[in-house]
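Next up, some structures in structure tokens.
Look at the two complexes coming up: subunit A is in both, with subunit B in one and subunit C in the other.
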Partner chain A sequence: MGSLARAYGRPLAALIIGITVLWILALIVVPLGAMVEQSLWWKESAGETSLTIDRLYNDIATLQLDRDSATDTEKQAALDAEIVAKQAQATELEASEKNPRKIYGLANFTRMSELHIYIFVRTIFYALLVTLLALVVCYPLAYAVALASGPRKTVVLTVALIVPYAINELLRVYAWLMILDYRGVINGVLGWLGVVDLDNRGWIPFLENPSAVFVAMIYTYVLFMVFPMVNTLETLDRNQIEAARDLGATSWRIHRRVIIPHAKPGIAVGCIMTFMLSAGSYSVPQIMTRGQGGDWFSQLVYRQFYESNNWNMGSAYAVSLLVVCTLFILLMMRLFGVGLRDIAK
Partner chain B sequence: MSAASTESRGAQLVLNIYVGLFVLYLFLPLAVMSAAAFNAYDYPSVTQWQGFTLKWFVALAHDQRLLQGLWNSLLVALGVIVVSIPAGLCGALILTRLQAKTGTALYSVLVSPVLTPGIILGISSLIFWRRFGVPGGLFVAVMAQSSFIASYAMLLFLARLQRQDRTQEEAALDLGAGHFMVFRRITLPFLAPTAFTAAVVAFLQSFENYNTTVFAIGGEWTLVTEIASRLRFGLSPVINVVGVIFVALTVAAAVTYVLLNSRKKQA
Partner chain C sequence: MRGKDVRLDKVAIRFGGTTAVQPTDLAIEAGEFFSILGPSGCGKTTLLRTISGFIEPSDGRVLIGGEDMAGKGPNERPTALIFQNLALFPLMSVAENVAFGLEARGVRKRQRLARAEELLALVALEGYGGKMPSDLSGGQRQRVAIARALAVEPSVLLLDEPLSALDLKLRQHMRAELRAIQKRVGITFIYITHDQGEALTMSDRVAVMSRGRIEQVASADSIYADPATPFVSTFVGEQNVFPGTVVSANANEAVVETPVGKVSGRPKGALAPGAPVLVMVRPERLALDGRRENSFPARLAERHLEGASVNLVFEAKERRILAVVPNGPAARDLPEEMTLSFGRSDAMVYPEGPLANG
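Take a look at the complex of A and B:
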């Protein structure tokens, strides 16, 4: 802090520190803390209480009838007292019904239904699969792009890769929706060939298969794997490859011993980004299932917030997702031996 | 491409074909989407061609909700720039002057939003601001997006500051310039090009963000969230028109960039 004050003076240094602290508190740490806190409590269920209240009012109504038909004053007084007592009890319960007790605990996590746990696990599994497939597809591509040179490289890089990368995620998903739709491109072509009969709704329902989400997801996030790998491979000294070749190494061996070790940070970043984006993707499953299917965990989270209006449960779901993503990042860093500074470049 | 020196001819050919196929894979879906914008058929399609038309462009020009969404997107992007550029700048200024250990801890905190799933950022902002009585809407969207866009801005400023020659600032101080003067005349001009780049990046990131925004936006909408909710209720070629405009703008920007670069190299 001292050097900051020496360079910019105390007032400016204070302002710089103030803004950064505000950023950390108001945009990062406290919101995250609020979400975790929200996931750790729930309101006592109101169902039981309202049943009891209903029963009390029934009793009061019966007592009232008894009191009205009763003739001797002693009995009337006794019934009056009972009515007042029951009334007080009902009022008390009504207050707690309007303002149910807040209970802290882990129930939001343990109460997750079996179906939701299944969807959670499946989402993680699919996200891992997307990551793996993207890695396999992108490695040769990144290698070819990074080691090429000349004007054609610039064109391939800037136009062919950056343009689709810069096009909005939703539109990229939408393009696949058009391709796989009932009257989409594939069914249309199959119709021309006479394989399917579109007029009698004999199309192949690609969209009803969960793999439609998978296909669109690879298309949407594959480029997040390409760019980090290209960036690290570009720094590889080509003489290393030549030297290895001159010394008689096979292509396979060169990749395994020279190129892949050099590309490690890029591979780690690519895997982290691809996994994080696909595990937490809401756009792709939402569009590919037209908001009807609940195949992806993010959709469950959204429903907890905007349909069931159960923010506590929704927060617990979100925290679970965050924990898995964090674990994945730590695993990747350990596996590839890279630090956080290598990751965010 | 000419990596011929490091690969045999056959291997090079295979690699080139592979790159070509991949580029085809990237562009064909976009081409399909764009073509359908000009089809007179009521349902976005390329296989049922009913003649060339521009009527969907006219329909878009009269679509109040989409236009309002565009306006909201611009407002949110502006807000994000205002919040995230100063935050990113201050974070970078501190980080460049910190010792390795504290530096890494602070760095981890400031970079963490980039590695957090977008929906989590949206959810945590939604919960946080509701506790101050602020419901989901454009403001919460600005805050949610800024949490990670400020990190991107910070990374850009950090890269620039690493190339800074600090003796300039020190010399100015020695010659009697005040701290404000040094900051305004030396530090800020040095960082100005990066600030511009960061603002452009922030704008683009904000404009096309969906996963964070959809949770933070509440009852309001941006262009992108409106497109997404349209896709739920029957498809319309109007969305394809939006797609065509996006593709055209992006291609134009990329081509301009390539041309400018090659001219710079020739000069």
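Take a look at the complex of A and C:
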């Protein structure tokens, strides 16, 4: 703080700190805090309360009858007292029925049904698979782009990669839908070639396979894998590759011992981004399966919010996903032996 | 380790339309410390990369130990290249760096690390195996690069200006070190540099290169004392250049009309009367008196004390003339107007041609 003030002067330093605090508040603390808070409580179920109230009024009516038929004054007084007590309880409950009680606890997390847990695990598995596939696809691509010689070649390759991403994500996903649909581009071509018989519904049902979602997802998020990798690979001194070759190393060994270790931070960042995006992707599975195929967890979260209208449960689901993603980041950083500092590079 | 000879047979290298190396014949002996000296951009690296196999020559053949290297990649040649920036692997320890070539050859870990330790000892870096390259000084990294290259037991070590990143003191130290290592291992060293000091102090023989062409191949002494062309003459060491025209010439003597008068010198090449020529005299060959054959008046403009010697800058007929004399009483309290002279054998007369730096 002192050094900041010395470097920029007091007013500017205050401004910088102010902006930083605001940034942290607006981007991290407030949204995350709200979500976590939401996930940690639930409203006492209103249905039960009204049942209890009904029961109380029944009791009161019975007591009233008893009181009216009673002759003993002592007994009458006792029943009167009981009626007043029940009435007070009912009034209290009526108030809480209109404004149910908040209860804090972890129940939102523990109440997840078995099916939802299964979907959660499957989503994480799918996201890992997408990440792995994207990595396999992107490494050669990033390598080619990064080490392409001549400015022209790099420009062409970069444009070829960026142009698809200038198109809106939804459009890109719908495009894949059209390609893979029953009467889509691929089946169309196959039909034209006589491989499948479209008239008798003899098409290949690409969309019914989870891999359709994979394909669209890899296509949608591939850039987030490629760019960090290209960035780190571009900083690799080509002489190192030549030196390794000169010392007799095979291409495989050069990749394993020289290039991949150098690209590790980029690979880690790419994997983290791709994993986070695909684990949390809503539009791709929703569009590709038209909401009919195996659910992804993000779709469950959506439904908790907007169909079950249970925001607390939805928040708990979202927080669970966030926790797993964070664990994944830490694991990747551990696995690749990279620190935050390397990633920031 | 045994050195092998390297022969270039009419090797030419072109990149698209431009010729980086003109057709070149060169014979480098086995076990020789051979330098290729030339200004930057003259094609040295290209030539070296051709020998190491990263570039296939557009024409001609490269022979190493009598064997034609055509079609052989860098990993199939008995050469090892030390890069200008060393290209150590920054994420591997020093020992792993040195052992990398052996790792690529499938040598067991224990054996290759033992060998790496031996090689580190050879370059006076015992016990540094566990460090990372970034922990070492420039000179130490230099030696790691040498050890790494030697690990694959090359017959020819190719060095691309490996000292250029070091500071002057270290550079001078490493010159002696490199020369000693070469003597110890006995293999052929081909060393390229734009620094004449390096080439002259270390090499058995030097090739001077200019614009993709080798101008002269000779021992360091003859390169300095008997340069073959105006380029070599001016690139290696200092020269006083007097342009002129030939008055008369035979095999042993040429008389030339120059701005400082008629002078005579040794002809380097066929000279006909009237031909434009360049007369060159080394600064240390100029005498501060009029007693030699060729004398002319000059005015002392600057005096720079170098320590053991003194650099004197004169002006004669609007030309700057440099004389280097030993420091002593004779080099002090000089009058402003003087007569300088040089002997007939101190002057070399070249047919007009390109000079170094302009």
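The working rule: the second predicted complex is superposed on the first by the 282 of 345 C-alpha atoms of A that agree within 3 Å, B and C clash if a C-alpha of one lies under 4 Å from a C-alpha of the other, contacts with A are read in each partner's own complex, and residues count from 1 in each chain.
Just so it is clear, a residue touches a chain if its C-beta (ideal position, glycine included) is under 8 Å from a C-beta of that chain, and two chains touch if they have at least 3 such contacts.
Please read these numbers as outputs of a predicted model, since none were measured by experiment.
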{"item": "Partners on subunit A (subunit B, subunit C) - clash or fit", "value": "fit"}
{"item": "Partner chain in contact with A:57 - subunit B first, subunit C second, else both or neither", "value": "neither"}
{"item": "Partner chain in contact with A:242 - subunit B first, subunit C second, else both or neither", "value": "both"}
{"item": "Touching partner for A:305 - first (subunit B), second (subunit C), both, neither", "value": "first"}
{"item": "Contacts of A:261 with subunit B and subunit C, given as first, second, both or neither", "value": "second"}
{"item": "Subunit B versus subunit C as contact partner of A:125, first or second or both or neither", "value": "neither"}
{"item": "Which of subunit B and subunit C A:253 touches, first, second, both or neither", "value": "second"}
{"item": "Comparison of subunit B and subunit C by subunit A residues contacted", "value": "B"}
{"item": "Minimal inter-chain CA distance - subunit C and subunit B, angstrom", "value": "6"}
{"item": "Touching both subunit C and subunit B, counted on subunit A across the two superposed complexes", "value": "242, 245"}
{"item": "Complex contacts: residues of subunit A adjacent to subunit B", "value": "3-4, 7-9, 11-12, 15-17, 19-20, 22-24, 26-32, 34-35, 38, 137, 140-141, 143-145, 147-156, 158-164, 166-172, 174-179, 181, 183-185, 187-189, 191-192, 219, 223, 238, 241-242, 245, 251, 272, 276-277, 279-283, 286-287, 290-291, 298, 301-302, 305, 311, 314-315, 318, 321-322, 325, 329, 339-341, 343-345"}
{"item": "Subunit C partner contacts - residues on subunit A that touch it in the complex", "value": "237, 239-240, 242-250, 253, 257-258, 261-262"}
{"item": "Residue ranges of subunit B in contact with subunit A within the complex", "value": "1-3, 5-6, 11, 15-16, 18-19, 22-23, 25-27, 29-30, 32-33, 36, 43-48, 86-87, 90-91, 93-94, 97, 104, 107-121, 123-128, 131, 143, 146-147, 150-151, 155, 166, 169, 173, 178-180, 182-183, 187, 204, 208, 210-211, 214-215, 224, 227-228, 231-232, 235, 239, 242-243, 246-247, 250-251, 253-255, 257-258, 261-262"}
{"item": "Subunit A contact footprint on subunit C (complex, rising order)", "value": "52, 54, 73-75, 79-81, 83-85, 87, 89, 91-92, 100-101, 103-105, 148-149, 151-152"}
